[in-house]
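Scrolling down, you'll hit the structures one after another.
The two complexes that follow have subunit A in common; it is paired with subunit B in the first and with subunit C in the second.
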Partner chain A sequence: MSFIRYFVRRLLLVIPILLGITLVAFLIANAIPADPIVANLPPNALNDEDTIAAFRKKWGLDKPLHEQYLTYLGNLLQGDLGVSIKWRKPVSEDIAKRLPATIELATLGIMYGIVLGVGLGLVSAIWKDSWADYIARVIALIGVSFPVFLIALIFLNVFYAQLSIAAGPGRLHVLLRPPPTVTGMYTIDALLNGDWKTFGNALSHLILPALTLALYISGIISRITRSSLLEVLNQDYMRTARAKGLRERTVIGFHGMRNSLIPVVTVIGLSYGNLLVGSILIESIFAYPGIGFYMFRASTSQDFPAIMGVSLLFAFIYVGVNFVVDILYFFLDPRIRVA
Partner chain B sequence: MSSISSISSSTPEFESPSRGQLARYHLRRNPLVTLGLIVAILWILIAFMAPAVAPVEPLKQDLVNRLSAPGELFFMGSDELGRDIFSRVLWGSRITIPAGLAVIIIGSTLGVIIGAVAGYAGGLVDELLMRLTELFMAFPFIILAMAVTAALGPDIRNAVLALSAVWWPRYARILRGLVLEVKSQEFVEAAHSAGAGGIYVLFRTILPNCIAPAVILATLDIGTAVISFAALSFIGLGPEPSSPEWGRMVSIGIDFFDQWWMWLFPGLAIASLVMAFNFIGDGLRDILDPRLRGE
Partner chain C sequence: MNRFKYVLALLTLMALLLGAFAGLAQDEKVLVVGWKEQTDAYDPANGFTHSTHIVNHVTYSQLVTFPDENAGEILPLLAASWEISDDGTVYTFSLNQDAIFANGDDVNSDDVVFSWNRLKHRDGNPSFLADGIDAVEAIDDDTVAVTLPAPRPSFLSEITSGVFSITNADVVRANGGTDAEDAAETDTAGAYLDSTSAGSGPYVLDLWEPQNRTELVRNDNYWGDQPYFDRVIFIHMPEGATQKAALEAGDIDLALDLSPDQVATLEGNPDINIFRGPGVLTHFIIMNTDEQYSGPFANPTVQLAVRYALDYEGYKTLWGGVKPATNMTAGFFGNLGEEAAFSRDLDKARELLAEAGYPDGLDMLLEYPDFGAGGVDFNTNAQKIQADLAEVGINVTLQPGELQVALDKYRSGLHGIGYWLWGPDILDSLDFLSFMPPGKVATERNNWQLESLPQEIQDAIAAAKVTSEPEERLRLFTVLQEYTMQYGPFAPFNVPDVATAYRSDLQGYIWHPHWLLDVQILSRAM
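Here is the complex of A and B:
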């Protein structure tokens, strides 16, 4: 199958899923709350007939449910996610402002997480049942068993408060001014501006939360890497590779890794969901002003439109990442190209 | 037509050890399972006996001795209202353990029924149910649960309901596959030809032969359910703030970062419980899924 055909086919499969997500989000927003007006408007606006009438008209609340959904979709396509109760501003505006911070953190987190997870998995598969395997598995178990907010608090307490070897909460030192906005990601914007001091400070603020995120997702990644590599190591072609006289490094690095990578890539895609949830819990502890912190404050103050907006965004990101993973299969798994 | 699996499964097993022998063998090989079992049983006992063993009432305030560090007065310190953290941690097990189990029981039952019906009915019903399953799997599930809880209004019951509502898809998928496999076997045909109705055959003949994998998955899942519930209540979508719920206690503790005992002990309570269930689940998987044993 040619790449373009594969790509288009996968893309066509994504569209009904995205539509389905909007339908689920719509049903949660409009069918579950006893009264969508009470759920979506600030308490003091509930006495104001004009505001209520305007809200009703905008979301088509006097029409039947299926027409409401179309209105909802229409508003969504224009980027309208409603107005936050707590901040009194359009949810999409707030999200757009905070998204770069979260992308910056999540990217660094997933990079650390992959290195840590695949590394631990490799170590414990190659030296199976040794003490190295044991230690690697315990680290992985901590990653999946400790609530991520506890890890974040412990890291912050030990590395920032006690040892002062890492930067504390926030995105930047209070005395530093954010770099001129290009991408919204402080590290990149600082680099573009040639401002090394700001770059270093922004990066140092990212390290602890990114490491917490990494530990959180590396547990799952290392488990899959380990079991997948163990399975591959027993295959006949591995014995053949050794019998050919290849060095152990080539046998594992080339024949082993490549064939055990497919489930690992899948799980990295799936653990992106954990990464997003993790960002809510971690950003709230590091007072890191991204989408996660926004979601935390929205949900502690029951800001329903904001919660729904972030949920929808996260679901879209999740689907997008798993679409990319699907596309990666094409390059990783030659069987797809033949089929 | 008989399938290959039914032929091979009728082959007599040779000299297999008894179940008790197997269990002892695996427990010895896997000491972490034993540790997990001990910790889990301990927590369950605490949940039953908290009112008797906790030193004070979890809501009792002692404003004079608020924010005391762990010591003679308070074993695990006291919180911002002078409530005893140790008692609250013990009482917390009475919320978290039932909540986690309820999520698993409701969610897996739902998934088993949906998957079984889809696999058995086939055709349009199967198609519809499985598309729905895929749709639910397209969401990061805790985020979906957050949205549902927010819509229902935050409290313990709604958090459990919301988590259960997003928990079923994996069970549905597995069960559907198993039912499809079992459906074509001879004893099912026999039941049909003996005049048994569809619902009877599905629930009395087919399901008992597919339930074991769902039970294993459920055991593996308890830890995840507990930690998800804690996460929901950490972000305020669970019990009300004064409740001695672990996730909520940690989240209140953030504002008292220097009083580390306020967040550390409830956090460790979650971690120990989840770890215990994960040890048990891992061991169970090692024992029951030989492919992963890597021998």
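Here is the complex of A and C:
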């Protein structure tokens, strides 16, 4: 199969998925038996019919559900995600402001996650059934089974509040000003501005939340790396590689890892979804003003445009990452090219 | 991979060092507050949340105010004095001629008329508060007359609220504001007033990044005493645990949303002071008076049995505070006080249940929100209610619900028996009338009808609404409270203490029942 054909086929599959996501998100947001009026108007205003009617009209809540959905889709095609009921600002503007923070966090989180997960998986597989394997598996188990908010709270209390060896909540120290906006990612913008102090401070504020996210996703990455590598380690070509006299490091690093990567890459793609979900809790605990934080508040306020906007964004990212993973398969696995 | 790992490790180490030891020199005197921001808007005609009140209390001034430490009396602010007409419906305010806005403009009667009419016509979240005002007129530059549809003794208390802040009419008009009747459609000053303030308070709103930070800078033109801090930064930290960690680390000076158990763990920390004081949130059981929703619990005798069965001292042990006699907020004028409150009497409760025809007990479904307020957990209290009532043969099944879902049901009067809390809408005894028909909790939420009350109680309710003479008010509110203790469908059981933790070098902190926090009276020990 040619790369172009493979690429287009995968791309076409993405469209119905995204459309389906808009519908499901819309229906779920509306099916919750809570009223956005109760959520967004103060208690006393609920006795005032005029205020309620004005609110319904303003936010289009007086229209039938299908009409609301079609209007939403129409606006979406023009790049308009609507206006947040809670903050009265265009959702796309809010997302644009907060997304770079989450990308910054998620990127460092996935980097730590890969290093930690793949590293633990390698240790586990190479020294199978040794004490190193057991320790690595326990760490993986903690990552998988411990609630992410608990890990976040422990990190915050131990490393920030008690030991004072890590920076605390927020994106920057409270008295520091953000660097001039170029990308919205403070570390990058500080570097572009040549401001090392702000760069270091922004990076230090990423460490604890990113490590929490990393621990959260590294469990599953390490388990898959271990099992996948164990399978590969028993293959004939590995024995052949050793018989050729290659160093063990080359055998494992080149022949072993390369061939065991497919499931690992898949699971890293899927972990990105977990990372986004995890960011909702992590960002709340670390008072980190990213998109997860925004989603949390939107959900508790029944702010439909904001919920839909972020759901779509998460879906786009998730589908996008998995699309990239699909494309990577093409390069990693020659069998796909032949099929 | 290896090189990547080393680079990552190096970056982490560098960031940890830089982050942990970053010394941030500052010239300004800065106060940092950790809070759970709820702000919907800082435009006084549009915002109606606790965090809006805290900020607008110092960025704007109102005509009258309360003392720093309580809501016990009305003090002049922008109004130097006022007169009330004999029939109690017209209030004439003389403005303080020294008062100026942050931009140096004089505060005059046009600003008052504009601000209150804009509030009324803006259809914003707090606009309903101006419904009880018929007209606001400028008599001259420094005199304003306000006409009410009927006498209302709570009026002066009501206008202490930040909602009734006086905005600079010229500035707001220049930025799209209007007080015309169609202001709901034509006023476009909201965005401007959410980014800066146009008031005459000791601070000016400098920055608002929703759900992130709010910054105030000192108003150098302030016409009163200058505050100590040059800048006040409010940082949004939705989790109490985060606020606690930041307070211990010294990154924030004051944590506004700690739970009692989080506060308890800070006891003994020399760097932290703890403020405890009486709160204003009353926790209560509400029993629908329509038996299609609450069955036997619509019977006043059963309701009384529930009041006798609760372990009031137990709730005090859990959360501190006081045991309320009625749903009138603790500390309000005429409140019957703790000494009049119920004490647990299980024999009496069983006797009443038998008298009502339930000698073998009965079942109750208790609905409540899965929620916490001021650190008090509803689930804990619900479980205690379940245990308390089991002792008199009432088998309680707990039904926690998502807050918004439970609220919908409660506010529409479709619930059976619920557990809720009440914070006063106005800091005046009149607030208690919400719990008497035709008040909103009594009737709209609980179907308790005015016609079901004896004529003398109906008369007392009508009189309480308009009477301002203290002795008569005291008599009326005593009659009404005693009636609800005997026949009312509510079982209030606890008014928890409030607890706030702050760095020990912070001076002057006091919790206020109305604006909660007043940053203009805070300073730092040298």
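Rule of thumb we're sticking to: the second predicted complex is superposed on the first by the 290 of 339 C-alpha atoms of A that agree within 3 Å, B and C clash if a C-alpha of one lies under 4 Å from a C-alpha of the other, contacts with A are read in each partner's own complex, and residues count from 1 in each chain.
Please note the rule applied: a residue touches a chain if its C-beta (ideal position, glycine included) is under 8 Å from a C-beta of that chain, and two chains touch if they have at least 3 such contacts.
Computed from a predicted structure; not experimentally measured.
Novice: With the two complexes superposed on chain A, say which partner A:141 touches: subunit B (first), subunit C (second), both, or neither.
Specialist: first
Novice: Scan A:161 for contacts with subunit B and subunit C and give back first, second, both or neither.
Specialist: Both partners, subunit B and subunit C.
Novice: Identify the partner contact of A:20: answer first if only subunit B is touched, second if only subunit C is, both if each is, neither if none is.
Specialist: In the superposition, A:20 contacts subunit B only.
Novice: According to the stated criteria, A:240 is in contact with first (subunit B), second (subunit C), both, or neither; which is it?
Specialist: neither
Novice: Of the two partner chains, subunit B (first) and subunit C (second), which one does A:28 touch, if any: first, second, both, or neither?
Specialist: The first partner, subunit B, only.
Novice: A:128 in the overlay: touching subunit B, subunit C, both, or neither? Say first, second, both or neither.
Specialist: The answer is first: A:128 touches subunit B but not subunit C.
Novice: Quick check on the superposed pair: does A:250 touch subunit B, subunit C, both, or neither? Answer first, second, both or neither.
Specialist: Neither partner.
Novice: I'd like to know which partner A:183 touches here: subunit B for first, subunit C for second, both or neither.
Specialist: In the superposition, A:183 contacts neither subunit B nor subunit C.
Novice: Considering only touches as defined above, state whether A:86 meets subunit B (first), subunit C (second), both or neither.
Specialist: second
Novice: Using the superposition on chain A as set up above, list the residues of subunit A that contact both subunit B and subunit C.
Specialist: The overlap between the subunit B and subunit C interfaces on subunit A comprises residues 32-33, 39, 153, 156-157, 161, 284-285, 296, 300, 302.
Novice: Where on subunit A is subunit B touching in the complex?
Specialist: 17, 20-21, 24-25, 28-29, 32-33, 39, 128, 141-142, 144-150, 153-154, 156-157, 161, 227, 230-231, 234, 272-274, 276-277, 280-281, 284-285, 295-296, 299-302, 304, 307-308, 310-311, 314-315, 318-319, 322
Novice: In their complex, what parts of subunit A are in touch with subunit C?
Specialist: Touch list, subunit A to subunit C: 32-35, 38-48, 50-51, 54, 86-89, 111-112, 115, 118-119, 153, 156-157, 160-162, 164-170, 173-176, 197, 200-201, 203-207, 253, 284-287, 289, 293-294, 296-297, 300, 302.
Novice: Which part of subunit C faces subunit A closely enough to touch in the complex?
Specialist: Interface residues on the subunit C side: 1, 4-5, 8, 11-12, 14-20, 22, 24, 26, 30, 32, 40-41, 48-49, 123, 125-129, 131, 184, 190, 209-213, 233, 235-239, 241-242, 244-246, 248-249, 251-252, 402-405, 407-408, 411, 425, 440, 444.
Novice: Would you pull the subunit B residues touching subunit A in the complex into a rising list?
Specialist: It comes out as residues 131, 134-136, 138-144, 146-148, 150-152, 154, 223, 227, 230-231, 234-237, 247, 250-251, 253-254, 257-258, 260, 263-264, 267-268, 270-271, 274-275, 278-279, 291-292, 294.
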